[in-house]
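One structure, as structure tokens, below. Some questions next.
Order as written gives the chain letters A, B, C and D; numbering starts at 1 within each chain.
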Amino acid sequence: MPLNIKQLVDYVDKNDWPFTQGHRLCPGCNAPMVAKWATLTAKALGYEPVVGAATGCLEVSTTIYPFTAWNVPYIHNAFENVAATITGAEAAYRSLVNRGKVDNKKVKFIAFAGDGGTYDIGLQALSGAIERGHDFVYVLYDNEGYMNTGNQRSGSTPTGADSTTEPVGKAKAGKLQFKKSIVDIIAGHEGVYAATASTSEPMDFMKKMEKALEFEGPAFIAVLAPCVRFWRIPESSGPEMTKLAVETKYWPLWEYFMGEYKVTKKPRNFKPVSDYVTKLGRFNKLLKRDDSAEVIEEMQKYVNAKWDRLLALEEISKDKPLRTKI
Amino acid sequence: MPNKLAVTGAKAVAIAMKQINPDVVAAYPITPQTPIVQYYADFVADGLVDTVMVPVESEHSAMSAVVGSAAAGARTMTATAANGLALMTEIVYIAASYRLPVVMPIVNRALSGPINIHCDHSDAMLVRDSGWLQLFCEDHQEAYDMTLIATKISEKDDVLLPTMVNLDGFITSHGVDIFEPLDDGIVKDFVGKWEPKYPLLNIEKPVTLGSLDLFDYYYEHHMQQEAAMKKAYELLPEVFEEFEKISGRKYDFLDLYKMEDAEYVMVVLNSTASTAKYVVDELRDKGIKAGLLKPWVFTPFPKKEIKEALNGKKAVVVLDRAMSFGKEAPLYSLVKSALYDAEQKPKMGSYIYGLGGRDVTTHQLHDAFEDAINDKLELNEQKYLGLRD
Amino acid sequence: MPEKYFEVRWHGRAGQGAKSASQFLAEAALDAGKYSTSFPEYGAERSGAPMKAFNRISEVPVRVRSNVEFPDIVVVIDDTLLGNPDITSGLAEENYLVVNTIKSPEEVSKITGFNGKIATIAGTDIALEEIKRGIPNTVMIGTLIKLTDIVPMDSVKQKVTAAFSHKFSQAIVDANLRALDRGFAEVNING
Amino acid sequence: MANEKWNELPIGGIVDKPATARQYETGKWRVMRPIVDKDKCINCMQCWLYCPDMAITGQLTEDGKKTEMTGIDMTYCKGCGTCAAICPVKAIEMKPESEFLK
């Protein structure tokens, strides 16, 4: 049974937030929503989360010494290595439980990282950790750029978005590549639970988080989580934008488990991707260019194809797991 | 029960690790450290240890997993060499700053480039300022002993700093030599148990480790690391004494060979010291008062002991198996600095040798001594042994 | 007076077992109550490349760690290496050059230009006959002991038995012991 | 600037107590203030769920059957307005903080 809002409210009222007030992320930032939902899901289900974080906005702003917004054990090591760090802790836990030095208390290891620490500099450590089959949940808050350091492009930055290391200029429409399909990369490890989620759908995210926690192996959830500042959108509008991302096929909601694909949200009618692009200030410079229509058309073709592909994958993989164990 | 074994240095280290039986070993293979990891993997596969081994995908992840594991509260070890150490260097600093008492054998190998797999000390010198203790080992016995000693000193409450145990690539790691391991039970008692103070796995007392430490605290935390290093310096003699009690083998900051009446002294690290002792004896046979000083402890650097040992000597030659391009060689500069306020300063000469595994012969060591004996030392000029010129 | 060591230099091709033979000799020397070291000179060689390994054996701990320059004996595992001048480098004429070959000592002398003591042994053939594999290590150690007596045969036999019996059948242990004896008995010596 | 001397701090840069960030009042950043119209509020708790600053409080009704939104903690509310944006019945209004200056 997935958690419901009543259970969550009651849990916090009777206990506490696992991730607390006083963090210094920007007003309206979507990263703390993700951290809050993930840790709360774990706690409300009776797990004891031990958290790791990659260097990034969430890490920097929640642990300015001597303050910490974490009400659960937490470790940050460096930018590119949260997967290695948290799986080191997981190995320690297995060893210490095995040796009777630590009581088994339903400890679960959760790593948080942004897109820089996941798609780019942290990909190797993440791939290694998943391939080794550690029992941990990796939660990516994807704001599509190095927002901690001022909007540099990442492997997740979409085509045509303005960034400081690949700006939209007179000669070039900014980044020309589309973003990596990170969940497909993770799914390529096969023995894994992987999913996309969006800040517009907290209950969907929490349901996926629950599956991820239940699975005694590597799990990965990519949450589209706007940086209101560098997406150039109103502070209050993060979830509204990610809702549009889902409704335009820009960010379909789906999951993968051991070889089987499942689309978890199938809107009856889709909006054109231009509805999404025109809402985000990060595309303003693109929209002023003569070639913006072409860029958006390319994007539309891509998201259409991607959607069709997902449905096809769902169809052909149904009840045909690749693996029965990690 | 003396039980001598003729094995490689890598195996001697692996045996020490087996007897310590750490909770977690996370490692990545690299020549010439590989056999250590392989032997340990065998021990795990055969159930001789119940360590959880994490075969990571890079040295960077090895040290990262080590930090996660040690922070969780597990006794954790790894091992590496050269480029592997260079790759993990970022996290090597972090491990020390988090005060995690990790032990890491380093099988010393030349840093690229160009790539070379043989012995020199450029890897150890790369991380000399990282906040780890650095012990150096002449042979198999010392590599084994120092691995145990490292565990003990690192985990002292007032120290809590990680330690590297340096042994020479191939020469020690792959050469077969004789050493005497201690009984399992004696090792177990000697290393004891580690009770971590702030383990992540203490769910009742959640801690935050790895905060953003800005201008208002970072400096203070670094001062704590410096104080811990001083504490390690204070406590090392105690640990050496304890080790002597269980093994009969006496260690100190410095291995002093025929130093009491020596006039001409060679200072050198690791396996070359063996050959140098032989050369000292050859010179002694000719009536020349030669001596050898080999630091067992490089960090914390035993400045006072070195000054005391070298004050009043006629001449000192310092041999470095690493270059510090454009600056004085690392060991030489430290020894020279230690003698700054000596009452009777010896003449000094700096010699580079053995880079990238260049064979170190007795003739080369004689050449350096000859310069000392014939008053041909240049304080500020670096010379090169075994170089084609 | 600094100690003197008995120094052995092995020449072979990577994969032929020169390193293992040298390690084995060091272990056998320990069992015989001596001190010994063994180390290979590694390059990045793959199977087939010429390589060297060294032993120092002594009544006292071995301290010199450099490569062996002036060997008391040279053992060549593969006679196709004989044209390499490295083989006899630093080898005095009163010391033995031992070669695994079906050639005669005189032929070896001609190829190498070495005019000192030469011993040959058909190590690979013996190994094929006894162990059914062309790995002549055990044979070569038998020959080495015949020529130097640096380690007593009894210690070597005990070591062979101990080292092989936990991995292999008694038949293989026996085959290796026979190979050892034949290496000792069937050596040809010049002059 | 902090006062503790170097040897008065726990080692390793560890923060040995959880949730100390609560000592830092992020409410002081606020320029817009959310005002809740409890008459409109349907206690759906969406604001509670979304609030990135955990500034909205809630509990179960006494009979345990329903959820109840009980207020906004101005000590921490940064005034981002997400609560107002996602409220399905528009029960929250954002007003300039200047209106509340005394």
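One rule holds in what follows: contacts are C-beta pairs under 8 Å (C-beta built on N, C-alpha and C of every residue); 3 or more make two chains touch, one makes a residue touch a chain.
Not measured: the values here are computed from a predicted model.
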Chain pair with more C-beta contacts, A-D versus B-D: A-D
Between subunit C and subunit A, distance of the C-alpha-averaged centres to the nearest whole Å: 62
Centre distance in Å when subunit B and subunit D are each reduced to the mean of their C-alpha atoms: 53
Between subunit A and subunit D, centroid-to-centroid distance (C-alpha), Å: 24
Approximate Å spacing (C-alpha centroids) for the pair subunit A, subunit B: 43
Where subunit A touches two or more other chains at once, by residue number: 63-68, 70-72
Sequence positions of subunit D contacting 2 or more other chains: 2, 9, 13, 15, 17-18
Residue numbers of subunit C (touch at least two other chains): none
In contact (per the touch rule at the top): chain pairs: A-B, A-D, B-C, B-D
Subunit B-facing residues of subunit D, complex: 1-2, 4-7, 9-18
Parts of subunit D lying in touch with subunit A, wherever the complex brings them together: 2, 9, 13, 15, 17-26, 29-30, 44-45, 48-50, 52-55, 58-60, 64, 66-67, 73, 75-76, 78-82, 84-86, 94
Subunit A residues within the subunit D interface of the complex: 5-6, 8-10, 12-13, 16-17, 19-25, 27-33, 36-37, 62-72, 202, 228, 234-240
Touch list for subunit C against partner subunit B, complex: 1-3, 22-23, 26-27, 29-30, 35-40, 42, 44, 61-67, 69
Of subunit B, residues touching subunit A in the complex: 23-24, 26, 50-52, 54-58, 60-62, 64-74, 76, 90-91, 94, 200-203, 206-214, 216-217
